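Chain IDs A, B, C and D follow the sequence of writing; residue 1 opens each chain.
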Amino acid sequence: MNKPIRIGMVGGSLGSAGFMGRVHRMVQRLDGEYTLRAGCFSSRPDRNRETGDALALDPTRVYADYARMARAEAARDDGIQVVSIVTPNHLHVPVARAFVEAGIHVICEKPMATSLADARSLRDLAARHGVAVMLTHNYSGYPAVRRARDLVASGALGELRIVQVDYAQDWLSEPGDEGWRGDPAQAGPAGALGDIGTHAYQLATYVAGCTATELSADLHTFVPGRRLDDYAQAMLRFAGGARGRLSVSQVSPGNNNRLQLALYGTKAGLQFDQESPDSLLFSPLGEPARRLDRGGPGPAGAADQRASRIPAGHPEGYLEAFAQLYRDFAAMLRGDDAAVALLPDATTGCEGMAFVEAMLASHRAEGRWTPLPAVAV
Amino acid sequence: MNKPIRIGMVGGSLGSAGFMGRVHRMVQRLDGEYTLRAGCFSSRPDRNRETGDALALDPTRVYADYARMARAEAARDDGIQVVSIVTPNHLHVPVARAFVEAGIHVICEKPMATSLADARSLRDLAARHGVAVMLTHNYSGYPAVRRARDLVASGALGELRIVQVDYAQDWLSEPGDEGWRGDPAQAGPAGALGDIGTHAYQLATYVAGCTATELSADLHTFVPGRRLDDYAQAMLRFAGGARGRLSVSQVSPGNNNRLQLALYGTKAGLQFDQESPDSLLFSPLGEPARRLDRGGPGPAGAADQRASRIPAGHPEGYLEAFAQLYRDFAAMLRGDDAAVALLPDATTGCEGMAFVEAMLASHRAEGRWTPLPAVAV
Amino acid sequence: MNKPIRIGMVGGSLGSAGFMGRVHRMVQRLDGEYTLRAGCFSSRPDRNRETGDALALDPTRVYADYARMARAEAARDDGIQVVSIVTPNHLHVPVARAFVEAGIHVICEKPMATSLADARSLRDLAARHGVAVMLTHNYSGYPAVRRARDLVASGALGELRIVQVDYAQDWLSEPGDEGWRGDPAQAGPAGALGDIGTHAYQLATYVAGCTATELSADLHTFVPGRRLDDYAQAMLRFAGGARGRLSVSQVSPGNNNRLQLALYGTKAGLQFDQESPDSLLFSPLGEPARRLDRGGPGPAGAADQRASRIPAGHPEGYLEAFAQLYRDFAAMLRGDDAAVALLPDATTGCEGMAFVEAMLASHRAEGRWTPLPAVAV
Amino acid sequence: MNKPIRIGMVGGSLGSAGFMGRVHRMVQRLDGEYTLRAGCFSSRPDRNRETGDALALDPTRVYADYARMARAEAARDDGIQVVSIVTPNHLHVPVARAFVEAGIHVICEKPMATSLADARSLRDLAARHGVAVMLTHNYSGYPAVRRARDLVASGALGELRIVQVDYAQDWLSEPGDEGWRGDPAQAGPAGALGDIGTHAYQLATYVAGCTATELSADLHTFVPGRRLDDYAQAMLRFAGGARGRLSVSQVSPGNNNRLQLALYGTKAGLQFDQESPDSLLFSPLGEPARRLDRGGPGPAGAADQRASRIPAGHPEGYLEAFAQLYRDFAAMLRGDDAAVALLPDATTGCEGMAFVEAMLASHRAEGRWTPLPAVAV
C-alpha cells in the first residue's frame, strides 16, 4: 500500500438529498489510497460545518468558499493533492477551474459541464496546467466492463456491427421535488439525458472503443410540470461502421437502475447488465454462450483481474467499481501509465457534452441525422 | 372436443429447408381441432407427392396447382373448410385470393403481403366474401402475452408512456444461402424487417392496444452480398402519446430468437421475454416486482387461462402458443365471438405492411419522421 | 411420417380433476404417430361415455371394463396396438396385466406399482409375453436431459462424484381434497415420495447412468389430516462411488414444479432446471460455464437433436418432452433399436419401487443407511 | 460519523495466500468506523514487518507476538479497542483469550474454535471479562438476509416447515496445496464442513430464528490425498418442528461460491442466493412471487435499510455485507442495543462447533440421528 493521497471535496454535504457525497467518501476509503483533509461541502454554512465536524476535519480546512479553498490548500505544504467535485452540474466547470488553476488534480462528477464549449475550455485549461482530470463515469470501473472492452479491442468480436445501450430507472415516474436535477439553471439543458444518458453513451463508447459520428434523436418529458426530459432515445452510427441505439428513461416502473449494454460483431456477441455486474455473457458465433465470471477463467481476464478485489462468487458491486476509478487515478498520479487509458478524462467529458448537444440539436430538428460536434478545438 | 375442422395446406413440403410447414402440422394436431385433408405443398411435383404420401393424404387431394385446389375443394361436400398458407411471401396474396374467392377460410403466414396495396385488396376481398383470415403472428398466442394485453387494457399500467420491442437472432450473421428469404422477388422489399420486424411490431401493438402513428427508421445490411436488410431499427410514436422503439437484427451472435417487449405506464411496468415465455414481470410503481406465472395467481389471469393447457411450472412453449391461434380460430369459426378480438387478422396484416412501408420510406428519407399510412382504404 | 399406431386409454376421463388424461391425448396427437381408437376412461359410466363421445370414438369401443377392453381389442383386426394407462396408482398393475396378457403394448403412468413385488411381477409377465412397457417418466424426454445423459456417458464430467436432485411444488401446502392421491388404498404407501420422488429419482439415475445402492431417508407429513408424506428427503450413495441427495416437497410455497438436477464430476459440472428446460449449464473445471441451448452448438448435440422439434430460441416445453417418449416408443415398436435405451421401461418401474421401499424402510429405521433391494428377481 | 474505533489485527499478512486479511482491512475502512493501529500479522518476522510498513503502522505497534501485543496495547492510552483475528483456525481461541483477558473486544474469523469445549470456554471467559466477541459470519450482513430474517420473525412465512441450505464451491476439485486449511492440526477436525458448513448452518439458523436439534450426516473426501472432508451433507430437524437439509461441497465444478437458502412455511416461501445478493424472492402462498430488491419496497424493509448504503439497482456485494458486521459491531460498542441481536457472537460460535461435532459424530455413527450438544455449559 502507498501513502494515502490527500484529497478534498466540494459538495456532498451530509444533509443533502443525494447519496453521491457519501458514495465518494466510501470509495475514497475502501482501498486506503486517499485521506480526506479538506472540504467545501455546502453553500449553507451550518451544513458545511456539520459535515466537516462529522468527518473529523480540521475546522480551518472546512471552507465556505471553493475558490478560497483552492488557493489556501495550494499554499499549504500538506495541502490536498486532489479535489473531488460533487456539486450540481452547473458548478462543475467553475469549481474545477479554480482547482486546476491552483495546480490541484480534479475528480469530477458527470456530466463535466453544461455545454460543450465549457467542457472544451476546462479540458484545455487542465492541459495547460498539467493537471489531471478524471470524470466519475463509474460504470467503466466494473471488471466486467473492462473485460468487455478488452475483448472488443482484442478482436474477439471481429468487426463491430451493432452497439445497443439502454438505461432505465423509475424514480422520476411521478411529479415531485427533483432538487437541482429538475432545474435547468443548475442541471443544464438535459434531464435524464444529462444524468444517465451521458453514462450510457460513455459506457457504450468505452467498450466499443469508438465514438458515434452521427445520431437521430427523440426526447420527451412525460411527467407534467417537469422542465427537462425524462426520456430520450437515439439511433446511432459509429466510427468504423457500427450502428446502434441508446435509450434512457427515468419513468420506467420496475427498473431501479437498469443499464444494459450489448455489442455484436462478425465473430461474437457480448452482453452486460449493470444490475448483475459480476459476469458477462460472451457468445462466439456458432459456439455455446459463455458466462465470464469476474475473477473467473476465460479470455481477457487480465483487465478483469486489475479491477477485481476478491474471488469469483464473492459479489462486487457499484461501490467497488466506483472505487476502481479512484484507485486507478491514484495509480496514474503515482506514475502507472497503464491506468491512463482506463480512465474517463476531460476528453471523455467533452465527448459527453458533444453527445448531449447533438441529441438536443437532432431532437429540435425533428430527428434529423446530426453529426456529433468535434471535440478537438 | 369438437368435430375436427377439415384443413388444407399450400406450401410446407417435407423436403423444404424451413421448419414452418412442420410447425403448422404439429400445431394443427395438438388440440385435435383440425384434420389435414388436402395440400399443394410444393411446386416441385415429386416433393408435393412425397409430402402428400407421407401425410397419408388421399392422392387425388394432393394438388399440383393451388388455384385448382381451391376450386376442387370448394366443390366437394367434404372439402376443406380452412387453408393454411406457408409459402414464400410473394405467394401469400395470390394463394389467399384463390381460396377466399372459393369461400374457404384462410390462415396465412406473415407478412401477409409484399405491399400494403396488396394487403388491403386481400382484406377487402375477404370482407366481401365473408371469409375469415388469420395471420400467424404466433407470439400473440402466448398466455403471458394475452395476460400482458389484458393488464394494459384493464388500466393496470395507467396511461401508457413507453413501448420497447427488440427482436434479435444470429442465424444470418454470415453470408450463405438464405433461400427465398434472400430474394426480393419472393420475400418482398424487406428482409429482417419483413421477417421478424413485422412480428415485433405486431407483438408491441397487440399488447399496447394501439398502433404507431409515425416513426423514424434506420435500416442496414451488414453481410456483404445480401440483397435485403439484416438490421432495422426505429423510434416510434404511438396513438395515445406513448413513445418507443423497435429494433430487429438477424446478425446478433448469441441470440437465438430473442424477442423482448417492455411497456411502461404511469402506474406500472411490464416485461416479457419470448425465450422465457411462461412468466411475465409486472412491476406496479412503488411495489415489489411480481412474477406472473402462466397458470398462476395474480391479475388478468383469465386471458392466461384461456390460452393455457397445463398448470404453472409445466413449461409451455412456442408450439403451444402457435397452436393457440389455431385453437382460437377454430373457436371463432364455431361461433365464439370472444376469439375474434384475440386473433391477428387481415387488418393486422395491413398494419404490418403499413409499418414496413413507413420504415422503408423513413429510411429512404434519411430517418425523417414518417406517418404510417392509413390501413383503411 | 408413419402410419399412426392405434392406441387406447384406460383412465383419463374428461371430467376428472387431474390433467394427465388431457396431456396424454395432446402428446399422442402432436407428432401424428398415434390415433386414439378405444378407451375405458372412467369407472363412472356417464363420464366414460361422455369422454368417448367427446373424442369421437366408436361407441362400441368405449368400454365399461378394462379387462373386456383388453380382450375385445386384442380380438379385432383393427384393435389397438398400445394402451396408455392413466389411472390411480393401485390400478396400474392390474390394468397393465390385462393388456400384457392380451399382447398389447403398455404405456403406463408412474409409479408403475404400489409395491416392488407387484412391479417385478409385471415386468416378468411383460417379458414372457414379449410386450413392451414404457413408463411415462416424462422428464427424460427433454432434449437437455438427453444431452446431459450423453455428456455424462461420454466422460465429459470425468468420474462422477455428486448427484443432487430436488423437486419442489406448493399445491399441497394446505389441507384439502387431494382425490385419490391422498388415499393410501389408491396411491400406495407413498405420497409426495411416490408422486414426484419417483420422478426425481428416475431423472437423477437416468442422467447419472447408475442407480443408488443405499440411502438414508427422512419423511414427513406437514399438513394436518394428510395420510401420506408431503415431504421426503434422502442422502444417497450411488454405484460407482458418487454421493448425493434427493429432496421432494409438495408444501414449498413459490415452487410450481421445480425439479432441479445437478451433477458434478472430476472434470465438469452440469445443471438442469425443469422450469427452464431449453438449456443446460455445462461447466468444465477451470473454464467458463457454457449455456448449452436446445438445438444449439456444443458437445453431445446429437441426443438433443433427436428429441428437438424446432430450432433454438423457440421454446419447447413439458408437452414436447412428454411427446418425445411417445415418439420414441413408436420408433421402438417400428424397429428403432436406438430408442430402447432412451425409454423408461418396466425395469425402471422396478427401480422406482425399490427406491420407494428403501426410503420407507430407512425412514422407519430412523434414517439407517438402507440398501436398495435388488430389482432382478 | 463517529470517531473511528482503534483496531488491531492478528494474522492477515500481505504475503499470505488467502484474501481474508485484505478483506478485513477493506471493510474496516469502508464506513470510516475503524482505524487500524496495531498488528501481529505473521509468525514470519519479515512478513510481519513488511505488512506493518505497507499499512503505515507505527513500527513499535507491529508485534512479533500476539500475547505481547494484547498486553502492550491494553497498557496504552491510545491502545486498540478491538482486535480482529484472521489466523488459521487453531489459533482463534488462544489469540482471542489473550485479548479478552486484556479487556480488548474481539472480532474473530469463523469457525470460532476447533472444538466445542474451546468455544464454550472462550465464550465464558469473554462473559466474565465483559468483552464483546463478534464472529465474522459475513453473510448475515447482507440486507436481504436481514430482511429474510425479519420476514420469518414477523410471521410472514407462517409456521416454518422447511429450511434448505446449500453451499457449493469448486476451488478444491483437484489435488493441490491447500495451505493450513488442509492440515487438521491447524484447520481442526473439519474441512469443507468447518470452512463453509459453519457458514451455511449459521445463515440458516440466523434467518430461521432457531437452531437444529438433531441431524443425520454424511461426510466424504473425494480428492485423493486430502486429509479432511471436501463434501458434507445432512438432514436436519429444527426446534419448532421444521425439517431441512444442508449440503456443502468444495468439489462442485461451476460453482464459485454458491450459497443458497430457502425457507418454506405455512404461508409463504423465501429464497436467497448469495451470488445475487441484492434481492430476495418472497412467495406468499396463492399470490405471485415478489422480488424484494435491496432498498426497494415491500415488507420488512427496515432491516434491509439499516444494512444498505446505496439505492436499489446499485449493486452491493460481499464487501458491503462484511462491512455491515463491522459497522454494527461499532454501533453496539457505542451503545446501540438494536445491534446486539443482529450480530453473530460467541454463542453463535458455540452453536457452530456444536453443529460440527454433531456432524462428525453422526457420520461416525453411520448417519444416526444425533442431537446437537447443548451450547450452554
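Keep this in mind: a contact is a pair of C-beta atoms (placed from the backbone, for glycine too) under 8 Å apart; a residue touches a chain by one contact, two chains touch by 3 or more.
In this text, all values refer to a predicted model and were calculated from it rather than measured experimentally.
Over half of the residue numbers at the interface between copies chain A and chain B are found on both sides, making the touching surfaces mostly the same. Farthest from chain A, judged by the mean position of CA atoms in each chain, is C. Separation between the centroids of chain B and chain D, computed from CA atoms only, is 55 Å.
One simple way to say how far apart two chains are is to compare their mean CA positions; for chain C and chain D this gives 42 Å. Centre-to-centre spacing of chain A and chain D amounts to 35 Å, using the average Cα coordinate of each chain.
Contact of a single residue of chain A with at least two other chains is seen at positions 255, 282, 289, 293, 296. Partner chain D is touched in their complex by these residues of chain A: 1, 3-4, 19, 22-23, 25-26, 29-32, 54-56, 169, 171, 255-258, 274-278, 293, 295-296, 309-320. Only residues 282, 286-293, 296-298 of chain A touch chain C when the two sit together in their complex.
Residue ranges of chain A in contact with chain B, taken from their complex: 161-162, 164, 166, 170, 173-174, 216, 218, 220, 222, 231, 233-235, 243, 245, 247, 249, 251-255, 262, 264-271, 281-285, 289, 366-369.
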